[in-house]
Amino acid sequence: MTETVPLIELRNVTRRFGSVTALRDMSFAAHAGEVHCLLGDNGAGKSTLIKTLSGVHTPSEGQMYVDGKPVTFSSPRQALDAGIATVFQDLSMIPLMSITRNFFLGREPVKGWGPARRIDMKTADAIVYDQLGKIGINVRDPQQAVGTLSGGERQCVAIARAVYHGARVLILDEPTSALGVHQASIVLRYVAQARQRGLAVIFITHNIHHAYPIGDVFTMLNRGRSLGTFRKGDISEKEVLDMMAGGREIRELQQELERFTKPGSGAEAAAH
Amino acid sequence: QVKKESDVRIVFVTHGQANDVYWSVVKNGMQAAAKQLGVKVEYQAPETFDVVRMARMIEAATASKPDGLVVSIPDMDALKAPVEAAKAAGIPVVVIDSGEEAVEPWGLDLFVGGGSEYDNGVKAGEIMAKAGVKKGICINHEVGNVSLDKRCEGYNDGLKKSGGSSDVVAATMDPTDVTRRVEGYLTAHADVTGVLTLGPTVAAPLLKMFSDAGTIGNYKIGTFDLSPEILDAVAKGTMMFGIDNQQYMMGYYPVVFLTNKAMYKTFPTSAVRTGPSFIMKDDAAAVRDLSKAGIR
Amino acid sequence: MTIVTDALNPAHPPEPKPVSRRLVRLMRRPELGAITGTVIVFLAFGITAGNSGLFSMAGIANFLQVSAQLGILAAAVALLMIGGEFDLSLGSMIGFASVTIGLCVNQFGLSIPAAVAIAFVIAVIVGALNGILVVRTRLPSFIVTLAGLFILRGLTLAITRTITGRTQIPYITDGQEGSFVVWLFGGKFGAPVFAWLAAHGVIAARPDGSAMVQGLSMSILWWVAVTAFATWLLIKTRFGNWVFAVGGDDRAARNVGVPVDRVKILLFIGTALSATLFAVIQVLEAGSADTLRGTQKEFQAIIAAVIGGCLLTGGYGSAIGAMFGALIFGTVEMGIFYTGIDTDWFQVFLGSMLLIAVLVNNYVRRKATEAR
Amino acid sequence: MTETVPLIELRNVTRRFGSVTALRDMSFAAHAGEVHCLLGDNGAGKSTLIKTLSGVHTPSEGQMYVDGKPVTFSSPRQALDAGIATVFQDLSMIPLMSITRNFFLGREPVKGWGPARRIDMKTADAIVYDQLGKIGINVRDPQQAVGTLSGGERQCVAIARAVYHGARVLILDEPTSALGVHQASIVLRYVAQARQRGLAVIFITHNIHHAYPIGDVFTMLNRGRSLGTFRKGDISEKEVLDMMAGGREIRELQQELERFTKPGSGAEAAAH
Amino acid sequence: MTIVTDALNPAHPPEPKPVSRRLVRLMRRPELGAITGTVIVFLAFGITAGNSGLFSMAGIANFLQVSAQLGILAAAVALLMIGGEFDLSLGSMIGFASVTIGLCVNQFGLSIPAAVAIAFVIAVIVGALNGILVVRTRLPSFIVTLAGLFILRGLTLAITRTITGRTQIPYITDGQEGSFVVWLFGGKFGAPVFAWLAAHGVIAARPDGSAMVQGLSMSILWWVAVTAFATWLLIKTRFGNWVFAVGGDDRAARNVGVPVDRVKILLFIGTALSATLFAVIQVLEAGSADTLRGTQKEFQAIIAAVIGGCLLTGGYGSAIGAMFGALIFGTVEMGIFYTGIDTDWFQVFLGSMLLIAVLVNNYVRRKATEAR
């Protein structure tokens, strides 16, 4: 599968913000029909990586390729036009606008011709109602402002939007972080469906129980550098968890966490 | 000969905006004289009525050491210090338009101008009173501008002499605002028969409004300052008069005098009176073309 | 996978929209407050200036004309403000366009239609320049267009004085009063209706029997047309959706692929065009132009838009609201001259009425949003 | 333990937003030395509940008690003064201000007297450096703007702030959602320490692996109503997970999720 | 639990701050751009108007005085803008305070110190009213203070005309030129120094041998004092921290316990006080008051603050920046005079200089922030 040309690829990309280097000599590739999990501590550079892929940032050095051809996205619109849909960590929602208007922002369905061309609000409302229903959110009114939704509901809207508009690459930055168990599993099912349809999915999460079941390939970031890419066959859940904890002595930590469960153990834990 | 013409530099600092019709004519006079004599002139004025800013401009002018300073003095308190400082720095100071009272006590050099704003207002009131106006309105497009307020004050006092009175209608320079406000005011005050405007910018749209409404015959209308439209209206008789201070001369003469002072140390000894002159029906046509050229 | 079938069922239709839902949506519209404010202003004047002529035909024609001219600006400004920007050069643009027309006709001998066309072309250029400067430099539009305010006003003055030696251009429409373009922008409509009404004694007549009010200013039609167009644009089109997004959060809008820069530039062109339309109407109505035309209109337009429910921070508002905002402003401005209050108190009155209108507006909107 | 007077308590509280009822006849109590987990689907009303506790919202109906005495907080400041520190889901950070200034906002350490009283910036910087180091974030410069931090780093600052200022009640709304394994376990340890010090901790999370080890009491919310409160002794991890998924057939879902791990199973999962 | 001991070690000290760290912090300050802008403006005038008197002692005293008066306002406005609000009633407040002093002295026969005290008390009331209205109604301050602009200016006019029948109040300081209060606000300082310099031929002297410039306006000292106070407030005090927070995100600030309303009200009192200080200085310098004093100062102050690096959206800016903003504005405004450019072109020039100053400012700031 890796012999195929990657749908989207970064080669030796560096990205700096002033004196901060958020990505350093990073190479990364995502293939069609694969779920590629990005792992790493807070501040490792995961969001910066996917923002580079989706045209928000341009690489300070290095080159990006789509279908093996070098590209430079100067705006997220170009990435969208190339079929790359992203759920950003900060969601990119306009709080004062309605759910429907947010959902279709930039890709509004229109009807009519010439100067009478207008948004087909009825169709749009129906689609939104439908798509949000699928993800387990029952909105009272698709014309409700996004700002009045709860954190998780908002995240669901963002995911549903990306899934609906995603053509070839679907990028999800911590999509399940604010979601309940029910919604989170629906999102995982979406990811599986997208892979099935031949999309390349890039997936960031801190939850091993979300990452391991769904991931095909795992790339580990640390302080802006790649620590390597592994296929699922070559690596166990425990190893992935080790990687997610940044190589620190995770087992001891887990033990300690387990101690919390024993009543009265708080004394020991808090002694430090 | 002490100085070459091209070295002579004369600075005007007035309270009238460059956009103002009246001061635009002053400026034309100034430029005409400068061109004829080959001297350098500069014209400065705040963008809105602001005597404090004017004071700073006079100070700046003093710092740039011109050969002559030409100022208008709408507020004697606020301008006393800077004008006296200019004088103390050895710069000849000519007063134009307003501030004749300051010339002698402050030891300034000359006054060039017409009657005071107040006197012109009084005279306008008297003329209208003679034509039968009991109740007039003075349309002030910049309430708080002292020289405009004085015109309205004079107008009221002029009417008072024969038992009449006037109100001030606050307006702006915007033609729609002016016409609609006056229309509203006149609707609510049916006894008004005299209308005094303080500039052609305001007078012209009003004339059009009265003609459109077919009520132009009901009012005696007069204005400060001239424009071709005003003169045509005066000639036609739809308007009573336009007040002309011949402000072109206020720009022209100071340049001539100060240049001569700088070059030959010659200078007139008494004030130069340029007005007021009330342009009535008979003389209107004669000055129309001059007005069109920005001279009257 | 029967777990969540109910939620996953794609055939699940949207809830039907009952009348109450529509009502709720209506209540949430930004213009609701402004409409209430308008009603209150009319009531207030009905009491204080009821039979002074404010609500006679002549009075109505009077305050409608003032509101209409402001309203043309306010509609475009509302769009721009929803898009998160300001245009302080609006007033100077009015002066610039007025003088352009005046010079074209009087000095260069062009026909009025040609002069008007040139003015609109220049407006597109100026608007685009404003917009490009704002999006390229990422400076606040407040400051960029403030520079524009000075530069345009200065150019207006300098050019006019250089060419004509004066600051006023008279007799622009002389001898062309009958032309179609002059009527279209500066004329009156409804004359036959008024004549008929006057003849039948429904409205006041002049001594000669013709109607006191010979027709309504064409600017009123333009006002309605511009507002309708802006409303349609905002609510019905993709562009309108983008305007809300750009003003609500331009980074988020960019992230989902909205061409933020293009939208902003178009909005600036829109305000420049509205300023020019205003200028054309005033010039052809008054027949003259002046370098000071339009002074402070930029603020009045912003006030009208804000009274009409636009947020200063962008992302929220409506063109219909701006229409009512302009109506409130125009009515209050004219109303005082009918109440007979000493005009020294004009500004106190204007300020208080404004405050009251906005307070009512705000109160109503808050109540309505809570009760959705 | 439940016989003691609760540190903070809501009785029969209802909270409406216009026509939306986010909380309905809700009763809730948190005791000193206990970790009280709030569970529930997205939009269940968890954030509304804790915003009511922390003085952001006032109850539409019902009464709140602190130490058994009825109170009405009209602003978050009053809650803070009563020793209730909160990490809100949207963090309440000012992006343009520095980390230190955000950290101490509202509780600035001052030195000097009378008109010369000023913020002790040196002490503040040192404390921030120290506290963030403890949570595993190594900031380059405490005067750096919060807006330039990554999502997880920002969350760590918010948590460190609440822990530092928390006096009697510590409320955490999904504090671990954006955190890596390493940082998340540090936060859990903080919670244990706070319990040990006798604080009442109210903790919202969607991650059973964070909730179960640390929680002493679990309250389940559904559509603004309480479905009941359970002590850990009376309930197993599996039961808690059941509750978190809102009583839906969670086991099947889990099976399905497991199917994702088998290669090639995507076909089945996506068939729906 | 040795896992993370390194991170948990509480003895771990903050990194030492090297010189480069301090430099980096300096580079990130909001005023950096304004300082660069100032340098460029001075260079530009050095070239175009070098020996025309702008940089003579008299010229310097002149533009410093203009900058100083604006700067007093700009410092308070910068604070208010950082706190996320505007005060458009500032200019009207100046007129109101001027006339208050004038009426108290001339009509009610009070002493000048008493009149000044009354003006300051009124300022506190007006400022508090503005602030309370804004925080209570949650209306944008733009619109509330705009109403204030009209109402205050209208009251100024109506009261003055009712009491005196005129719009100008002359002879306020007559016979009191020597009093301490008049000197404190309206006097000059440094006279002996200038006399000495003139006597030794260092600076220009009048024909009578006394110095051309007899001293610098006290307003310059006030400017420095107000700016220093505002800076100290912003950077060093809790209140300053709250101001940034309130402007950055007032909901977040409220959530962490900042008394948002109190902060905003205090900021409005601050701008009203600065307007009154401005009025006192102008009245005691000029010796007269009129109802139009302070017109448009609100915008000039906002411009100065924005040139100085304040964000219009709040939460970012500095008082020192505002000081340089005022200096740029004052220098450009007066400097044009010395270049001999025709006043018809004045506004074009002013607008262009503004734009260039802000562009440079912005460019420098962006580079500096990137390179931290």
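By written order: A, B, C, D and E. Residues from 1 in each chain.
We take it that a contact is a pair of C-beta atoms (placed from the backbone, for glycine too) under 8 Å apart; a residue touches a chain by one contact, two chains touch by 3 or more.
Keep in mind that this is a model prediction, so the values were computed, not measured.
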| item | value |
| --- | --- |
| Chain labels contacting subunit C and also subunit D | A, E |
| Centroid comparison with subunit A (C-alpha atoms), farthest chain | B |
| Chain whose average C-alpha position is farthest from subunit C's own | D |
| Highest C-beta pair count, chain pair | A-D |
| Centroid spacing, where centroids are CA-atom means, of subunit B and subunit D in whole angstrom | 73 |
| Centroid distance [mean C-alpha coordinates] between subunit E and subunit C, Å | 34 |
| Centroid spacing, where centroids are CA-atom means, of subunit D and subunit E in whole angstrom | 44 |
| Residues of subunit A whose C-beta touches two or more other chains | 17, 90, 140, 182, 248, 253, 256, 272 |
| Residues of subunit E touching at least two other chains | 4, 8, 24, 157, 342, 344, 346-347 |
| Where subunit B touches two or more other chains, by residue | 18, 143 |
| Subunit D-facing residues of subunit E, complex | 4, 7-10, 12-15, 21, 24-25, 232, 236-238, 240-242, 244-245, 248-249, 251-259, 315-316 |
| Touch list for subunit E against partner subunit C, complex | 137-140, 142-144, 146-155, 157-158, 161-162, 299, 303, 306-307, 311-313, 342, 344-352, 354-355, 358-359, 362 |
| Residue ranges of subunit D touching subunit E (in the complex, touch as defined) | 54, 56, 75-77, 80-81, 86, 88, 90-97, 101, 104-108, 110, 117-119, 121, 125-126, 129-130, 133-136, 138, 140-143, 161, 182, 186 |
| Residues of subunit D that touch subunit A when the two form their complex | 17, 20, 40-44, 47, 89-90, 137, 140, 148-153, 155-156, 174, 177-185, 188-189, 192-193, 195-197, 206-209, 212-214, 232-233, 241, 244-246, 248, 250, 253, 256-258, 260-261, 263, 266-267, 269-270, 272 |
| Complex contacts: residues of subunit E adjacent to subunit B | 52-54, 56, 58-59, 61-63, 65-66, 157, 165-168, 170-173, 206-208, 210, 212, 214, 282, 285-288, 290-293, 295-296, 334, 337-338, 340, 342-344, 346-347 |
